[in-house]
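In what comes next, chain A is part of two complexes: it sits with chain B in the first one and with chain C in the second one.
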Partner chain A sequence: MDDLDEMNSPVSPISPQKRRHHDLSQDDDEDEDALAEFAMDEDGDQDDDFDGGDGEDDDDVDIDMGNSGVFSPVVADRDRDKTHIVSFTVHAVPAIVETQTREANHVATLLGTQPEHAATLLRAFRWNKERLIDLYFNDPDATSATAGVILDSRKQPRPLVVPGFVCDVCCADDDDLLSLALSCGHRFCVGCYGHYVETKIKDEGESRRIQCMQRGCGVIVDEKTVEQCVGKDVLAKYKDLLLRTFVDDSDFYRWCPAPNCQFAVECHVTPARLARVVPTVTCQCGTTFCFGCGATGDHKPCTCWLVKKWLKKCADDSETSNWISANTKECTKCGSTIEKNGGCNHMTCRRCKHEFCWVCAGPWSEHGTQWYNCNRFDEKEAVEARDHQAKSRAALQRYLHYYNRYANHEQSAKLSQELHSKTEKKMSEVQANSTLSWIEVQFLRKAVDVVVDCRTTLKWTYAFAYYLARDNQTALFEDNQRDLEMAVEQLSELLERPLEPEADKIAELKRVVQDKSVYCSSRREVVLEDTAKGLLEDRWKYNTDAQPAGSAGPSGGGSSSSA
Partner chain B sequence: MSNLSTKRLTKELAELQKKPPGGVTLESADNLSQWVVKVEGAKDTLYQNEVFWLRFTFPSNYPLESPEVVFVRNIPIHPHIYSNGHICLSILYDHWSPALTISSVCLSILSMLSSCTNKERPPDDSRYVAHAAKSPKQTNWAFHDDTV
Partner chain C sequence: MSEATLKRLLKELRDSQRNEAEYVEDLHPVDDDNLFEWIAVVRGPVDTPYDGGRFEISIKVPVSYPLAPPTMNFVTTVCHPNVQFKTGEICLDLLKTAWSPAWTLQSACSAVAMLLGQPEPDSPLNVDAANILRCGDTRAYRSLVRMYVELHAMGSSNDE
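Entry: the complex of A and B
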């Protein structure tokens, strides 16, 4: 369906990918050269895909032009938010504290309670305001009781001197003893409360579930009470713990995983949507991570569950068993695993003494005296044995195909640190040998960034492809992947090439590197956009290795007949 | 020993010596960190006429932290008491409350004994005892049976 929309544009019927990089290039004259250069690469396969649809497309174009003018669809397309980018906000600590207070105050007004009680209620409901309000209006008493709150505005915990009071914890009975009771009425002296709360906070790291000291009483010690009975540093620690649990509990917040980073990211992608969206976010400190699974780096286009599956597969020894089944044969009688490391084809199983032929896996007795020469390829038993082996061999080959490419891009992206420092050197060289200023040689650094980004994306496209079923969508995806990979390799090579000091060569280099960088970025954009849309539309079909959490729905696109 | 725990233990000691609850006697309290309390099986229960000893070891921040409580000398046969004297009782571990006292702990243990209907060791006794830490407080207890 989506492809049809794409073709409704007034630009001549070319592939959506191609049109999009025209869009990108509109505001930059220099890019036109690069595009001309790369049109060749694409023409080979992509024109074929769309020739068939020319007639129809022309009709669409006419209608569209009549409706909305020549450029408006393109402009609209550009202004539209990109599917593969999720919106998110980075918050510093004060802002999060404020949000917490605001939420609590809001609920307090709605329910007519003290803000500290509202906060306790919210914490018990993991800050899910809607659910809390829903349940509360159904049954206020039960809801607040399970959350550890007794709502009674007449019972404000404040230090009091109660005549004749004896603290059950320290057994003090001084006449001027200050004591505190939560709304449950269990009264203890302020000193004991202080010690107790401090132990909970400092030793156990507890904050939102500190209960009344009375045995079996589930009433939660609220913020106001804690403030009244502990010192400044403990209170600071308490507030910090509350803040941490606020972010940890909320589905819409996540701490930046970078060490010592104090920012949290707010993103409204719920766990249920993770099968269709990859919420990559970037913290103010520069760390990119996935809001869904918390992994650092950008794992688009793979969804979180595919990433988990893939990393597990790479880490566990499922491939060891695959190797065994691909490189060994089982004794046809007792099933022992045998690896042939030399010698003739007449195998005798060490365990069961069964004699068989290595080549056809059939019993040796039927071979007569034809040693070293098996001509019995089509016996049923032998065919079955070989079939099984061929299957695991193919599975192993398939895995290794994707894994090698995945690992290769990962390795290359890791080496980017080195490339960065090399490029730094090159940049100063360029400055020395030409009239270009510091700002004008930044193109090299930018190009390295582009390469790293693209390689990270490529890396995950291979994990993604491993789990895709073979269909036309996948073929299109792999075309896009190949285009990106080719472009990135070319750019990489340009960056690795030794510098030629002549001024005109440098100018040439700058032009080519910039062109390629822009082209790479646009190809990456195409891959990400296409996969993100596919996820959203449930267009991707996964193979049996995947078994997705949310099933892949019916194919939505299915438009172009691919090569 | 902090001020809080000294004060509280002195008070509890005095209480236990003056008017101990039925079936509970303080056997020895040479210092304020370890006491031994004698408990007698209640009448008309499986433990009638039996005598057991509980050893209380108090941490420095008692009563904020629970005391270590184990049976010594004569270990009762009970589905929640291991043959090394460790007791599986939630108020001694996760559900400890500073408002609990030595007498209330003793009474809880006595009532646990009283409600027993079948004298037997826990099913995993030998496995637990072979690997158990010295103090039961280091064990991660799962409290699955509230009836006994």
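Entry: the complex of A and C
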């Protein structure tokens, strides 16, 4: 493998970072982590988000064949770009500043203006370079006037001593008074300008729309002028505010929502595409969030507008859901009050030893490994409900069915914090009882991570399923969902089980847990991949509950739901 | 900053005595020792129900003037969508966010007088007046305003 890589390197277009992940995925069995980072495309080009693994990933094959063109390149499944992962780039502040300068300089050369004027124009157009250039060449004067710029390179704002000048604001008329005028020609003394700009920046948090002091004059005070009239700390704040507006204004940038995080994520998913793509991104600080709606966490496979609808519905029905999601349930056999304190749905009553399922309260013996069937709502009952009252009751029941499972996974994912500390203890126990080293017991922690990821996905699959119309696609989706849920419950149960200290039992445990983790990950991959492809292809049909939102949601959403 | 403020206020006083602005009949400090409290009298714009009325405005100048806007209140009772009926508080963007140091007390008074003729019922301080205007009942609005103008803003200048 090393030889191959060396042969490749002169012709390979892959950047060093990418290559590292590539190698990892070749020799590491558990390449799930690498996959996530794999998505961080260096060039951030929006066009290769979704076209399979062509182009740059197939270098191993090209070398072997010598002349390409006869055979189409063969790409291993795991090297293919995943449909449900979008490419994005994480930027630190200096890189963003550089991008801004580069864009401004580019526009400045195109329009033949000063970079600071180009920056003001760009800000007025929310950094949409194409639109700015388009409009500017149609009507340069009107475009720059609306943006608050007078493009006249002869009039550079510079502190000057003008004989006989009296400042209109402070009425100073000293002979050596320095004064400033923007390209509009309204002249004020440097001191007043400084105070004015400082109040705007410090008190009002204004940056890109500080106008000339003359009343009725809309010319914007540009960066160069601000630099000339305020102190260092105010200037720093001004630059910071400008930077914020750059990221806030741009459709392709978003700040990481984590507290005190300084990174911004660039992702080329336009708001119009949000009905078909869920752009989940991960910041360098480790925070996962949705680029589309800014919500923290991964809400795949639900699209942003479905998430919004679902959360609103949950909040509206809070009374009922409060009642239903109350933390305790009664044992179906002896009636003891039971609180769920772990992730697994397999409950055993301490008092009567009755085993039942937490979700449906049915006996656990009916939830065997072969025919686990606790995740789909039996809609036959809804059909049987003839009269209106029964129908509305069925609707509520249907909602509660999905809500219960949604809330249940959410709760379990929250309890994972506890599971983490428990696992930590278990890991040291395993180390003490066997010959395994610290690195060899990491499988337990990884398994917990897998469980948490899968539960988050499962949680949102229930919100998704609530809005799906009943057809064959949905049945397939529910099968995938059930497979994942069953696998997760089994893995979860393995992790909850008390440790047996014998060495061979531990080896057995490691094998089983690793098998299950890999299986869970692959099931999750299947669910995400299938739903993401379905969204892209407009394959999902939404039910009547989702229809009104189609029109209220993003423009693409309307057409996809009514098709 | 205080010295610059005083200098500026003195200049404004000189200017306001020399040339008169539209609608502003009188503008002077409350007493000679204090340049931070002023009194103004504006005329109601012609072709509006406020025509012929004389309205007294009290002005408080902040220390950070002219960077911060002055506070203005009607002393005369005014019925207008953007004027608080009881306190005389004025809702005008110029006196809040749209203030620029290039405005003067005189030009601000002028702008307030202009506001009388151009009510903005969508950001009301006097909801009742605004509602009448919003329903499109111009006749009721005009006669209501006229009644208050004749009650409070006509006749002797110190009717309050």
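Keep in mind that, in the parts below, the second predicted complex is superposed on the first by the 400 of 563 C-alpha atoms of A that agree within 3 Å, B and C clash if a C-alpha of one lies under 4 Å from a C-alpha of the other, contacts with A are read in each partner's own complex, and residues count from 1 in each chain.
Please note the rule applied: a residue touches a chain if its C-beta (ideal position, glycine included) is under 8 Å from a C-beta of that chain, and two chains touch if they have at least 3 such contacts.
Owing to the predicted nature of the structure, the values given are computational and were not obtained by experimental measurement.
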Following superposition onto chain A, is the placement of chain B relative to chain C best described as a clash or a fit? clash
For A:Tyr196 in the superposed arrangement: first (chain B), second (chain C), both or neither? both
Applying the document's definition of touch, where does A:Arg215 land relative to chain B and chain C: first, second, both, or neither? both
For A:Asp168, decide between first (touching chain B), second (touching chain C), both and neither. both
Shared chain A footprint, chain B vs chain C, residue numbers 168-172, 186, 188, 191-192, 195-196, 199, 213-215
Touching residues (chain side chain B, partner chain A) in the complex: 4, 7-8, 11-12, 61, 63-65, 91, 95, 97-101, 104
Spell out the residues on chain C that touch chain A in their complex, using ranges where they run on. 1, 4, 7-8, 10-11, 64, 66-68, 97, 100-103, 107
Show me the residue ranges of chain A that touch chain C in the complex, using the header's touch definition. 168-172, 186, 188, 191-192, 195-196, 199, 204, 211, 213-215
Residue ranges of chain A touching chain B (in the complex, touch as defined): 168-172, 186, 188, 191-192, 195-196, 199, 213-217
